[in-house]
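Have a look at these structures, which come just after this line.
Both of the next two complexes hold chain A, though its partner changes from chain B to chain C.
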Partner chain A sequence: MPATDTMAETEDPLVREHRLRQQAAHETRRDTTVRIIRQTVTFVVFMGLLAALYAGYKEVGQAIDDRQHDWPVVGSVLPRTDDLTMPPIGKIIGQFGETPGGEDQIYVLILLDEALFTLREAFAGFMVGLVIGMAIALALAQWRRLEQGLLPFVIASQTIPLIAIAPIIVIWGRKNFDVFPWEWQDWMSVSIIATYLTFFPVAVNGLRGLQSPRPENQELMESYAANWAQTLWRLRLPASLPYLFAALKIAATASIVGAIVGEISSGVVGGLGRRILREAFNYTTGPDRLFASVLGAAALGIFVYLVVTGLERLVVGRQDKGATA
Partner chain B sequence: MNIRRIWRLLAVLLVFGLVAASCGNDDDDVSEPAPAPATEAPAPEPEPTEAPAPAELQEVSLQLQWVPQSQFAGYFAARDLGFYEDVGLDVTIIDGAVDIVPATVLDSGGADFAISWVPRGLVPREEGLNITNIAQVFQRSGTLQVSFVDAGIAGPADLEGKLVGNWGFGNEFELLAGLNSVGLDPQSDVTLVQQDFNMTALVLGDIDAAQAMIYNEYAQVLETINPETGELFQPEDFSVIDWNDVGTAMLQDAIWADADKLETDAEYRDIAVRFVEASLRGWIHCRDNFDECVDIVVGASPPFGGPAHQAWMMNEINALIWPSPGGVGVMDQALYDQTIDVATSQGILQAAPDAGAFRTDIAAEAIANLEAAGHDVYGNDFARRTVEVKEGGN
Partner chain C sequence: MNVIEIRGATKVFNPGKGNQVEALAEIDLAVRPGEFVTLIGPSGCGKSTLLRLIAALIAPSTGSVEVNAKPAEQARLDRDYGMAFQTAGLFDWRTVSKNIELPLELMGWTKGDRRRRAKEMLELVKLGEFATHHPSELSGGMQQRVAIARALSFSPALLLMDEPFGALDEMTREHMQDELLRIWKETETTVVFVTHSIPEAVYLSTRVVVMSPRPGNIASVIEVDLGQRQASVRDDPAFHTKVTEVRVALRKVEE
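The block that comes next holds the complex of A and B.
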């Protein structure tokens, strides 16, 4: 350390600053790479552990079961371990590379296709939910009266079970949504269901974020004679971002759940929900496919979560900085 | 600094939106081909002749009770082979789903016609839905209660003290009536178990007898490997209670329409006659062209079971329709009365429905047209074929 200090004294201050900046940028980049590698390794190790636990329990359970026919703990107290209840993990993984009968693609590509379909439904719903949620948050932040009056309804909206509204929305979509300039398709009804799950966390957290600036910040804006829009743009919206992204992480995964549930209950063809319904029906003859398709749905959920996290880093910066900003 | 962040957020969202929009278009291209060729493919053909200039087709939608499978082969055949077009209709077939009740969709105007089991149409009708049965396509019930042969369940009386699986949601009425018919109380003499829509619980031994459709779940268990032999389960491994034999069978798939509209809207009634005619022609075609219809079903948006499973189903569905002693689509009054008896005795219906619950005039007109065109609407010489069972239905 002292060595660099003495060197720095002889250096032109501008050059030094430039050098330090580059160094910092380089370190940040390296940090990011290291972090991604570390997280990936942790994830893979954790998945491996889970798989080992599954396979180990199945192995041990079957050994116990084979020995004690009269008093099987496994299967009565603990879950059963036969291949129909717990398909071997190798078969589940292997399923991804197999071509199911009547199809012309391997399973993982079929799932990818269907995941894209579900992602489109979820994304459309997510974006609309984001706009609606922010609009509600802005309205509630602006008019306190409204908050007391409207918030209970916003909360109540989330207590209506999805399976109750899904068929209603689909029927409405076929009948009543001619007002839109484009032809209404069933997958758009599924998007509405995703919107329904998405707007809520955005509205609630967005409101909290918009209200988060401390009074002295607010007063400072007032002392500048900043109008509503300027205060919003320069103080409230930036302050709300960390809160908003916390909500978006929930909303993104919820939109996937909404899309899958919506597909299942409304009969929309082409996505992961339909796939899961189908594999559940065929469970007796192919249990490993249901497990594989559920893993596919989980992967889609993780993917959208990672995308939002990535966006957050891009927009807000690292979380620890964001919190103190 | 903060402002820049927001601009960045907006920029990111904009880019995201653009990407998604282009993605969406891509997806349209990829996912659409299933329905698109069906409606657009015929278009290029008339072009060379140019002369016939087909009259404007009337758009009609049909709500199925479940997802595409041979159970609905007749409608898919009528659509894909142009039977609907021949009578001036452009029919859109809408899949059923877990929470879709065809009767409700029909009543709310979500579809022009619907396929529904008779009790599942009559119960909402009693609750005020304005619908009526215009063609009774299935002449028999396809519901079974299946058990392993060593459980010794030969008839409903043997179910006493057993764990009896059923799907609930209105699928259990024949079972309940069957238990009543031999003096068993469904509440106390058997243990009713909610069963998934597959045969896993039976294979695992969680239940003694499982509900199964002869064309679906029964095939499914025959498509399963018996862990003890390493071969497929065989029909001899099971004993089967058929509610048609017990006498508590209820009528199943029928075509339903909007009752009031039939009275007030002459054009809708005219469409209904043509729709039923073309649909029944589809069923006649599937009776006489077995393999072609299986291919059509497999080619419709992917069915839940594979080609071999659909072949099994096509065969069994044909056997539920044919022979049709009074003509295909005509209500069998005796079976209708039995259905109502079971429904009222089980408290499913409060009272016997009024005469408007079904009408035969539309099916009669349709059949007359079909006979005039030389079609056999009775299928008296129909015989089941032997279908090869394959593992997993593929």
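The block that comes next holds the complex of A and C.
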């Protein structure tokens, strides 16, 4: 085929090589749909395995225990598997569709309401934590001296147990936070706890991200006589995004955990944490409800993680496919 | 009028400290419009430092550096030169076209003008169809071409290049050299090019500046006139004579 040959010859050698590479890459590339399906299947299979382990132990553990509880040495050492300790999976799942006494809607909708309440607290705290964390990262990146002085305190702040500070923040909120133009609500105190958990990974990873551009990239911006804001906006912030999103995934789930723990230890009315606490009190009359509410909390955590991951795909996109020097 | 005028420029890093380094000693160099000047020398001879003095990315300790008859710092602020580095240094979150538009954005060009110019520049480096690709999808040589297009996008009269082909394989490298010569001829830009490859220096330049290390200094300047550059020049005896001449000069420097 002489025609094709001349075509190939007139074409730029770099471009031709590129095409060959692309073809090879295309053959091994999996597209997004396949990946999402595979991940979903993995998740479902994994959850199924966990459920099978739970149900299996409940069956076998009970049987072994029943047979040997009067043996002299072993006795009844295995954890108990009666319906009060380990409610059957069917009952836990079924609980979502039932209407508990004193309520007027099915349990899954109640949990959804509570989850939205917790989500609001966590989201407000998360956003504030994001702003504070980035502000700290920017300050530390700008003044290297500050990094040595301030970073230890930022790290130390994370060693204070969450349960200990939650009540303090709520009390402060009720008594002292009247400087704000709006009336301080208890749920805002819970948000502060979410903020407290969010700002730390954002500050640490944000700093790493802002410092990630190579010296040559910095020099390039200087050669264009770009000012500080231009360099920040066009180079350092975009370069920090992959680092930032790694932190946001941690921070998003941590802010949910923070909000739930905050609700439990602060006495805020409403939210998943409050709900879990109540179900724990009423455990003897409805053990499946506690399990169901904990599953609800886990689902909320997974949900926010997926939202952040989706955002990352959208914002960072192709960027992390291959680092270009 | 010379494009670059360096008079008695020295550079000392960390002056007065334990790790003080005398990087450049008393450099005098003038570059005329349209010249292709190559700085060559062993590592540590300060050739990259000299290039950064011209770019005003660092300031000389003593002496003066002028670009376009004004202090180098003013020339930097006036965006009188474009620069390309050893790594392409493209921003991976931008498409190829947007990378070329970066300096134009900083200069406040309108969106339409930027688009048009980026398209022209991509045609110049023969990557027209890759405008919407991301840098990570391109090979090293193609990325380096985009970097050159970016450096030339705002039509600076001066192009500063710091070992831009250093990371490329030999075949791609020779191809890129021909491309650069073509672009140099088409755009009539003045080029200062840092390399440690002798054939590259001879093939590209109108003048090769051989530098010696510790402290960096200009050991000799070799004029090159090989006429019309084309691939066959690489086999030309005149080319080899010049290569030998530069090699001998470099050997003297090493002693």
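Keep this in mind: the second predicted complex is superposed on the first by the 280 of 325 C-alpha atoms of A that agree within 3 Å, B and C clash if a C-alpha of one lies under 4 Å from a C-alpha of the other, contacts with A are read in each partner's own complex, and residues count from 1 in each chain.
Here is the rule we go by: contacts are C-beta pairs under 8 Å (C-beta built on N, C-alpha and C of every residue); 3 or more make two chains touch, one makes a residue touch a chain.
Keep in mind that this is a model prediction, so the values were computed, not measured.
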| item | value |
| --- | --- |
| Chain A residues touched - chain C or chain B, whichever exceeds | B |
| Chain B versus chain C as contact partner of A:230, first or second or both or neither | second |
| Touched partner set for A:220, first chain B, second chain C, both or neither | second |
| Partner chain(s) touched by A:21 [first = chain B, second = chain C, both, neither] | second |
| Touched partner set for A:12, first chain B, second chain C, both or neither | second |
| Which of chain B and chain C A:52 touches, first, second, both or neither | neither |
| First (chain B), second (chain C), both or neither touched by A:37 | neither |
| Contacts of A:306 with chain B and chain C, given as first, second, both or neither | neither |
| First (chain B), second (chain C), both or neither touched by A:160 | neither |
| Where chain A meets both chain C and chain B, residue numbers | 234-235, 238-239, 241, 316-317, 325 |
| Chain A - residues contacting chain C, complex | 12-15, 17-18, 21-22, 214, 216-217, 219-220, 222-226, 230, 234-235, 238-239, 241, 316-319, 321-325 |
| Of all residues in chain B, those that touch chain A in their complex | 2-3, 5-6, 8-9, 12, 17, 20, 23-24, 27, 30-31, 34, 61, 67, 94-101, 104-105, 108-111, 196-200, 203-204, 220-221, 223-224, 227, 298, 301-302, 304-307, 391-394 |
| Chain A partner contacts - residues on chain C that touch it in the complex | 52, 55, 57, 76-79, 81-83, 85-93, 102-103, 105-107, 126-127, 134-139, 141-143, 145, 160, 167, 171-172, 175 |
| Footprint of chain B on chain A - complex, ascending | 80, 82-85, 100-103, 113, 116-117, 120, 123-124, 127, 163, 166-167, 170-171, 174-175, 233-235, 237-239, 241, 264-270, 277-278, 280-287, 311, 314-317, 325 |
